[in-house]
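The structure's right below; bear with me while I get my questions together.
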Amino acid sequence: MMREILYRLKDRYHFGTPTFQRDDLCFVTVKRDELRAILTELRDVEGFTHLTLLTAVDWLEERLFQLTYLINNREANLTLGLRVMLEREDEPGATTGDTIHDLWPTAATYQRELNEMFGINFPGSPRVDEEFILEGWTDLPPYRRDFDSLAYSQQTYNDLPGRKTHDPRDHMKKALYPNYLKEAE
Amino acid sequence: MNLVQISLATGFLLILLGLYGALTNRDILRMIVSFTIADTGVNVVLVAVGYLPGREAPILDTIPVAEAASRITDPVPQALVLTAIVIGLGVTALMLAYAYRLFRARGSLDISEFTELKW
Amino acid sequence: MVSPLLILVAGLGAAFLLGLLRDTSERVAFYVTVAALGFMSFVALSWTVSLALGQVQPVDIYTADARPPFAINLRMGLPEATLASVVALIGLLSAVFMRRDLMRLGRQSMAVLLVLIMALSGLIMTRDLFNLFVFIELIVIASAGLVLLSQDTRALGAGFKYLIVSQVISILLLIGVIFTYHANGSLNIDDIAATPMGFTGASLAMFLVLIALVLELKPFPANGWALDIYESAHPGFSALFSAASGTATLFAVLKLFEASGPDWAPLATGIGLVTFVGANVLALAQDHGRRLLGYSSVGQIGLVLMVVGYGADWGVGLYYVAGGLLISHAIAKAGLFWLSGMVKARQLTDWAALRQNPVLVVAFATFIAMLSGLPPFPAFYAKWTLVHAMAEYADYPLMAIFLIAALIEAAVLFRWFGMAIKREATLPLAYNLSHETVVLIAMTAGWVLSFVWGPLSGFDNLVTVVPFLFALLFLPLDILPARIKNVIAIAGLVVWYVTSTGGLDPLRMIFLTIMVLGGALLLLASFHAKGRRMGFYTPAMLMFAGMALLVTSTTSFQFFAAWEFLTVGSYFLILRGANSEPHALSYITFSLGGAFALLAGFAIAAEGHYTFYLEDLSEVAPELAPYVFVLLAAGFLTKTATMGLHIWLPGAHAEAETDVSPMVSGILLKAGLFGLFVLVMEMGRQELYGVDLTVVLVWLGAISAFIGAVLAAFQEDAKRLLAYSSISQMGYALFGLALMNHLGWLLAMMFAINHFVYKSMLFLAVGGVKERTHTKLMYKMGGLITLMPYSFVSVLVGIIAMSGVPPLSGFGGRWIFYNAIMTTDLRLPMILIFMAGPVGFLYLFRLIHTIFLGQPKDELRKVKEAPFWILLPQMIFVAFLIAFAALPGMILQRVDGYIGTLFGDRPLVWTGRIIDSQYGTWNPVAIWGVIIAVFVTVLLLLVWMNHNAQRVKQFNIVFSAERPFKPQTTHFAWNFFAPYRKAMGFLEMPVSTSFWTGVSNALHGTAEFARKFYTGNGQTYAVQLLLFVIAVYLISMGASS
Amino acid sequence: MKDVDDKFRKNTDPVPMREELKPRSVTTPDGQTIEIEPLRDYFCDARPKVHPKAYSKIVEDFYNWARSNSLWILGFGTGCGAIEMRPLMTPRFDAYRYGIQWRPTPRQASLLVISGYLSVKTLKRAIRAYEQMPQPKYVMGLGSCTINGGMYWDSYNTIKQLDDYLPVDMYVAGCMPRPEALLHGFMELKKRIRSGKAEGANDYAENFDRYKANQKAVIKDWDMPDYNW
Amino acid sequence: MTDFPNFQWAQVGYALLTLFIVINYGMVMTAVVRKIGARVGGRYGIPVWQNYVDLLKNIALRSKISHGVMYYLGPVFRLTGGVGLLMFVPTIYGSEWHQNFSYAGDLILALYFVFFGTLGMALGAGESGHPHSAIGVSRGLAQVTMAELPLALGVYALSLQYGTLDITKIVAAQQGSIFNWTLFTNPIATVAAMIAFVGTMMRSPFDVAMAPQEIPIGPPTEYHSSYLALMQTNRALFPVAKVVIYMNLFFGGATSWAEFAIKVFCLYMVSVVIGVVHPRFRVEQSIRFFLKWGLPIGVLAILVV
C-alpha cells in the first residue's frame, strides 16, 4: 500500500529514500517547496486526512531544523512521516517554516508550540506569536539544543543540599550485583 | 321624431363625441377642442329641453307681456344657456392659458407627460 | 343688519376695483384685497353672531324682486352665516399668509382670490340649482387660477388635470340641472325639496346633480386630481382649497341631499364611508406631508358626507354633528396647510423643523387632535354622536368600518406627529411672523370652537373641566423652570385629591389615591429634572386629569372623555422618551383602538341614548349585554396589556423617561384595571355562545401572568423586563377580578396596590441606575451594590415583595389568591398561575443580580448613587411596603367590607390584626415577629463569629486554574437563563407581534398597491371619474331595486 | 551525567506586565475619564495576618482536634500524584472514614496537596489557591519532585524545592508514593495538627516577604496581587 | 399580644427545643444516609458525628473574608429561611409544645417561605461575584420553576380535598388509620407532590445547580468558615423541615418524636434512593421531565379531586 502510494507520487515529486519502520509506517524526506503540494495531494487524493503530529528536531551540528509531519490515513491504517529540512538560524524566530494551518486547522497549535519551543516561526499561522505553554519566558526557546537546561535550572531553582545523583548504570550495578563489583576491583 | 328629439340626440351625440375626444386624445389642444364640442352639446341639450313646439323666443319686445306665459318658450333654459356659454368660454380660455404655460414649461403638449405627481 | 348680499358684492366689487389699479401698486392692491376680505368676514360674522343670539331671523333674498323659478334666491341662516364666516376668515388669513406670492403675481391673482371667496360664499348661500352651477364654475376657474400661484412647476400639470375633471363634472352637472328643471319646473332647491323625487331609475337627473356635486368633494377613488393639487399648490391656496372649498361644497351637497329627500341619503353615506376608509388606508403609505394632508382632507370630507347621509333625519342634530366636523376640519386643515408653508422640505420627517418653535408644536398637536376627534374638540362630540346613532339603528358593521377607519386615520396622523417630535429635519424652519400669527389664530379658533361647541353638545363642556384646565395651565407656564412647575403640579394633584374624595366608595377611593396621590408621589422624582423641561407637564397633567376624571365619572360620556384624555396625555409623555417613536405610535394606536371598542360598547349598551350612567350597565338588554361586555373588556384589556394586546407595552414603558415609566406602568395600567372593575361589577357574568366571558377573562389573565413572566425572564433590557413583568402582574389582577368572587376581587385590589408600589419603585430604581450608567442593558452593568446601596435596597424590597415571599406584602396577595381559588370551580387556569409564580423569581433575581451583584464594569467603577429626588419616592415606597405588609388591614379591611356589600358575604374575619378565612390564617404581625427574631438572632451569631472578616474586593474570587483578567468578562449576565430558554424558549415565539405586524403590513401593502391607481395622468383621472359615476349609479340602482 | 555549561547565562530581562493589568484610562458614561489601576482597583491589597491561637489551650486543642478530623482537601492535582489520590476515595482505602473529604473550592479547603512536580506555571496557580484558603491551612508535598526536584532536577521549568515557596507541613516521599503512603502521611499530618505544630499559615504570614521574594524569583510574569485574598 | 395568641415565653423555649431536636436529627440523619451510601459502595464511610466535626472546624477557622453586606447576609437569610420554615409548621401533631408559631399562617405561608432562604442565598451568592455562583443560581431557579409546579398542584388538590389550608387540620383529618393518610385517600396528589419533592431536594438527578464537576460547587463557591457553618446547619435543618411539610400533608403527620424520626427518615430516603441510581439531568432535561410527568399528574390531581 504505502509503497504504491510513494511509487505513484515519486514521478512528480522529489523524495529522499523512504525509511520503513513498519509496513504501515514510513518516513520520507521531501523538498521544502514541494511539501505543500504533497500534503495536499496526500490529503485529498490518497486519504491521509488526519494530521497526527507536527514536530521538530534540532540538528544543531548540521545547522538544520527538521520538521516532521506525521499524517495518517484512517481507512487504510497508514501513517506517513514527511521530513522537511530547514536552515537553522540562531536567532529565535529567524527560521521560518511554511504554515499549513489552512490544510489542517490543528496545525496552527503545533506551529505555535514550535515557535515557542524551537523558535521556528510560521508567518501567517493564527496566534503563532502568543504564549502557548510557557508564561513569561524570555530565554532561548527551551527545546533548542544550544539552550542548556541544567545550567538554567541551577541558576534558577534552589537545589536541596545533600542531594546525591548517581549514574544510573553504575548505581544499578551496585545495587544488583554488589559482589561482582567488589570482585572486579 | 320632432325637433326636440333631434336636438336632444344631436346634443348628446356631441357630448359623447366631445368626451370621447377629450379622453382619447393626448394632445392638450385637441382635448380642449373636444371639450368645447362637448360644451356645445350640453348647450344644445339645454336649449332643446327648454323648447316648446310652436312657441316663440322669449323676447318680450314683440310679445305682449300678458300673453307671454302662453306664447313664449321657457325662458329659463335660454338664460341658462347664455350663462353656460359664457362660463364655457371662460373655462376654455383658462385651459388654453394653461396649455400655453404647460408648453412653455415643458415644451410638450402631451398630457401623459405631466404625471410627476401621482400615488 | 347689513345685507348678506354685500358679501358677494364686496368680493366682486373689490375684484373689479383691483382691475382699475396700476400694475405697480401691488401694495395698495393687497390692502384692498385684505380690506374686502375683512369686510366679507365682518358681514358674515356679524350675521353669525346675531343669528346665534337670536337677534335676527334667517332671511331669504330674492333677486330681481321675483320669486323662484323666475329668480334666484339666497338664504342667510345660521349654518350659512357660520360657514360663510369660516370661508371668509380662511380666505382672509390665507391672503395674509400668501402675501408675498400675491404681491409677486400682482393684482390679478388677488382678484382671483376675491372671486374665489365670493363664489364660495355664494355657493353656501344660494338656493338655486343653476346658480350653484355658476358658482361652482367660478370656483373652478378661480381655483385653477390660484394654482398658478405656486412656484412648484408641477402645479401646472395638476391645475390642468383639475380643469379636465371639472369640465367633465360640469357637463354632468349641467345635464343634471337641466333635466331636474325639466322634471320639476323649478331650479329652486326648496321647490325641489317640496316635491322630492323618489330614488328610481327615472331620477337620473337628480342622480347626476348629486353625483356631480359629490364629485366636487373628491370622493375616493375618483380623486387623484385633487391630491395632485394638494401636493403641489401653494400651501395658502391648499388651505383654501381644502378648508374653504371643501366646506362650501359640502354644504352645497348637504343642501341638495336635504332637498332630494331621504331616499338619496344612503348614496351619501356609502360614498362618504368608502371615501373615509379608502383615503385613510391610502394615507398610510404616504411620506409626503402635503399629499398626506390631501388624503386626510379627502377622508374628513368623506366622513362629513357620510354624516350628511347618515344623519339625514336628525334635523338640527345633523347640523350640529356635521357642522362640528366640518368647521373643525376646516380650521385644522387650514392650520396644517399653513404650517406646511413654514416647513420647507416635503417629507413627513421634515416636520421636525417645527420643534424649533414650541408654540408651533402645540398648534400642530392641536390640529392633529382636532382631526382625530380627540376631546375636547368638536369632532369628539361628533364621533360620539355618530357612533351612538349607529348603535341606535343597530348598524354595527357600519360602526365597525367607521371606527376602524377612524383608527387608521389616527394612526396616520400620530405617526406623523411622532416623526415631527422625534426625527431630525433636513431643512430649518422657514419662520415668518405673519405665518405664525395666522397659524396661531387658527389654533385659537380651534380652542374657541371647542369652547363654543361643548355646551351645545348637551354633555359637559370638556374645555371647562377643572383638571383639564389645570393641564392646559402648564402650556403658558412652560417657560418656568421645571422645579416650580413641579411644585405647582404636585400641589394641584394633592388639592384635587383632597377635594374630590368625598362620597367615593372605597374601591374608587383606592384607585383615586393610587392615581392622583400616587402621581403626586411619583412627581417627586421629577424634581430631578433640570432646566425647563418643556412639554412634560401638560401631557402629564392631562394624563392625571384623565385618571382623576375617570374614577369620578358617572356617565359613559364622562368615562370615555376621561379615557381619551389619559390616553392622549400618556401618549405625549411616552413620546418624550429617547427612542420611543415607534413604541409611542403603537401605544396610541392600540389605545385608541381600545378606546373605540369602549365607544362602541358604550354606544351599544346605551342603544343610542347619549347619556348613559355607568351603573346602568347592569341593565343592558340581555341580547346585547355579551357584546357590550366583549367590547368594553377588549378596550380595557388593551390598557392592561393582556397577552395578545400587549405588544405596545414593553417598548412604551421601556423607552419612556425615568420618571415617566413608573407613571405609565404603576399608574396608567390601573386605569384599565379600574375599567375592568367597573365592568364586572356592573355587568357580572355574561355568556356568549354558551361561553362564560369571565372564564375567558380568567384564561386571559392566567396566560398573561405566565407568558408575561416568561418573556420578562428573557429580557436583556432592565426596563423591558419590568414592562413584561407588568403584563404578568396585570394578568394576576385580571385573573382575580374575573374569578367573580369576593376574594378574587380583593386579590385584584391587592395587586393594584402592590403593583403600583413595587413597580413604581423598581422603575424608579432602574431609572435612577440608568441616569448614572446611561444604559438599560443589564449585562452592561453589574456590581453596583456598593456604589448605589439605596437603589439596591429598593430593588431588594421590591423584588421580595413582588415575588410573594413572606413577610412583605406580595405574600398577602398570594395568600388571598389561594383562598380565592379555593372557592371557584375553575381549576385549569390555576396551572398557568402556579407556573407563573416561580418564573417570577427568574426575572426578579436576574434584575437584581445583573445590575447590582456580580462583577462591576471598569467604566462604572466610580458611578454615584442615583439622584436624591429619584431615591426619595423609592424610600417612601419602601416604608409603605413594609407598613402595608405588617398592617394590611389599614387598607384592605375597608375594601373587603365594601366588596362584601356587593357580594353579600364575608369570607375574611378580621380579628385585630389577624386575618382568618374559611380555609386558613394570615397573621402578618406574627410572621414579622418570628422572622425578625430569627433573622436578628442568626445575624448576631454570625457577627459574633465572623466580625473580623477581611473586607475584600469584588474580584477576589477563586478560580479553577486559568483566571480572567477583567472583571467584566466574569460577570454572568447576558442570556442569564440560557438553560431555561433551551427548555421553554418556544414560548418566546412572537405570535402576537407577528399577528399585529401582519395586520399592519397588510394594510400598508394594500395602501402601497392601491395608490398606484393614481397614475398622475389627467385623462386617466377623468376616466376613473366617469367609471366611478357609472359604478355608483349601477350599485345604487341595484341597491334600490 | 550531563556537564554543566559554564558559559551559559540565563536571560534576566524583566517580563513586561500583561496588557490587561496595566493602568488605563476609561471613559465613564458621563463622559469623564477615570484611571483604572487593575491590581489596586480589582483586588484587596491587605497583607496576610498572623492569627493568634484561641485564648485557652483547651479550646485550641479542641479546635485542633476538629481540624484534624475534618481535613478538606482542595481538589487540585499538579503532577502524576493526582492519580494516586483517586484511590483514596475507593472502598479499598476510603479516606472518608478519617474525616478526609475533597472540596472543589479553595475557600472551603484546609489542605492543599501538591501531588507531584510543580512547573513554574502551575506554581503560580498553587500559590493562588493556597492563599485563597482560609486559615489554618496545611500543605502536603508528594513525591521526590516536591522535595528536591526528583527526576526533574535539570528541568528548565520545574521547581525543585516546594518549601521555598509555600510552608509545607508534611512531605510524603516516593516516586510516586502509593495511596497507603498518602494515608500514612495524612495520619502524621493529623498528629501534627493535634499537637498544634501545624501553623504553616502563620509562618507564611510571618515570613511573607521571603516567600514572596522566592516566588517572584521564579515566576517572572507575576500577574496577580501580592496576596490573593 | 393579640397577634401571638396564648403567647408565653415558654413557647420560645419549646420552639428552641424543637429546633435543637430537628437540627441534631438532621445532622445525624444526613451523616447516616451518607454512611449507608458508603456501605452500599463497600466503603466504611464517614463517622456519624462527622457533620459536627466539620461544623466545628468551619467555625474554628481563623481567617475570613467578606465580599460585602449582601454576601454577609446571604447565609443569615438561608438559615432564617430554614428555621422560620420550621417555626411556621407544627412539628408534632397533638403536642402543645411543638406547634411552634404555626398560628402565624397556614400552608401558604410555609410554601412561600421556602423561597425566603433561597432568595437570600441567591443574593448573597450573587454578591460574591463568582460566575459559578450566578450560573448555579440560574440553573437552580430555572429548574425550580418547574419542579415546584407539581407540588403547587398537589397542594391545591389536597386543600380542595380537605377544604382547608390549615396544616394542623389537614393532619387531624388523616389521623385514625393509616388509610386516612393522603397517600391513600389522594394518591395522585401525593405522587405529584413527591415528584416535586424529589426535584427540590438538591439530589441527583436534580442537582445540576451545584454540579461539582462543572461549576464547583455552584452558589456557595465563595462561602467558607462560619458562613458555611450556618449553611451546613441549614442543610441539616432545611430538608427535615421540608420533609415535615410533606409528612404533615401526605403521610399523616407525626404524633411523637419517634414517629417523626421514622417518617422523616423514610421520606428523606426516597430522594436518596432515587438519587443514587440516576445520573444528573441537565436543566432543560429536568424541566422537560417535570413538564412531561409532574405537570400531567398534577393536573390530574386537581381535576379528580
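We call the chains A, B, C, D and E, going by the order they appear; numbering starts again at 1 in every chain.
Everything below uses one rule, namely that a contact is a pair of C-beta atoms (placed from the backbone, for glycine too) under 8 Å apart; a residue touches a chain by one contact, two chains touch by 3 or more.
Computed from a predicted model, the values in this text were never measured in an experiment.
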With chain D removed from consideration, the chain sets that still hold together: A | B, C, E
| item | value |
| --- | --- |
| Contact-graph separation of chain A and chain C, given in steps at minimum | 2 |
| Common touching chains of chain E and chain B | C |
| Chain nearest the overall Cα centroid | C |
| Relative to chain B, chain with the most remote C-alpha centre | D |
| Two chains joined by the most C-beta pairs in contact, as defined above | C-E |
| Length of the line joining the C-alpha centres of chain B and chain D, rounded to whole Å | 112 |
| Distance from the mean Cα position of chain B to that of chain A, given in whole angstrom | 107 |
| Distance from the mean Cα position of chain E to that of chain A, given in whole angstrom | 59 |
| Intercentroid distance (Cα basis), chain D paired with chain A, Å | 34 |
| Shared-contact residues (touching 2 or more other chains) in chain C | 950-952, 954-956, 958, 967 |
| Chain E residues counted as touching two or more neighbouring chains | 63-65, 216, 221-222, 225 |
| Of all residues in chain A, the ones touching two or more other chains | none |
| Which pairs of chains touch, using the document's own definition | A-D, B-C, C-D, C-E, D-E |
| Residues of chain C defined as touching chain D within the complex | 772-775, 858-863, 950-956, 958-959, 961, 963, 965-967 |
| Of chain C, residues touching chain E in the complex | 783, 785-786, 789, 792, 796, 799-800, 803-806, 811, 814-815, 818-819, 821-822, 827-828, 830-831, 834-835, 837-839, 841-842, 845, 848-849, 852-855, 911-914, 917, 919-923, 925-927, 929-931, 934-935, 938-939, 941-942, 945-946, 948-952, 954-958, 960, 967, 970-973, 976-980, 982-984 |
| Chain C-touching residues of chain B, taken from the complex the two chains share | 15, 19, 22-24, 26, 28, 31, 35, 38-39, 42, 45-46, 49-50, 76-77, 80, 83-84, 87, 90-91, 94-95, 98-99, 101-102, 105, 111-112, 114-119 |
| Contacting residues of chain E [partner chain C, same complex] | 2-4, 59, 63-70, 72-73, 75-77, 79-80, 83-84, 87-88, 101, 103-109, 112-113, 115-116, 119, 122-123, 126-131, 134-135, 137-139, 141-142, 144-146, 148-149, 152-153, 156, 159-160, 163-166, 216, 221-222, 225-227, 229-230, 282-284, 287-288, 291, 295, 298-299, 302-303 |
| Residues of chain D that touch chain C when the two form their complex | 18, 20-21, 26-30, 32, 34, 36, 38, 41-44, 46, 49, 105-107, 125, 128-129, 132, 223-224, 228-229 |
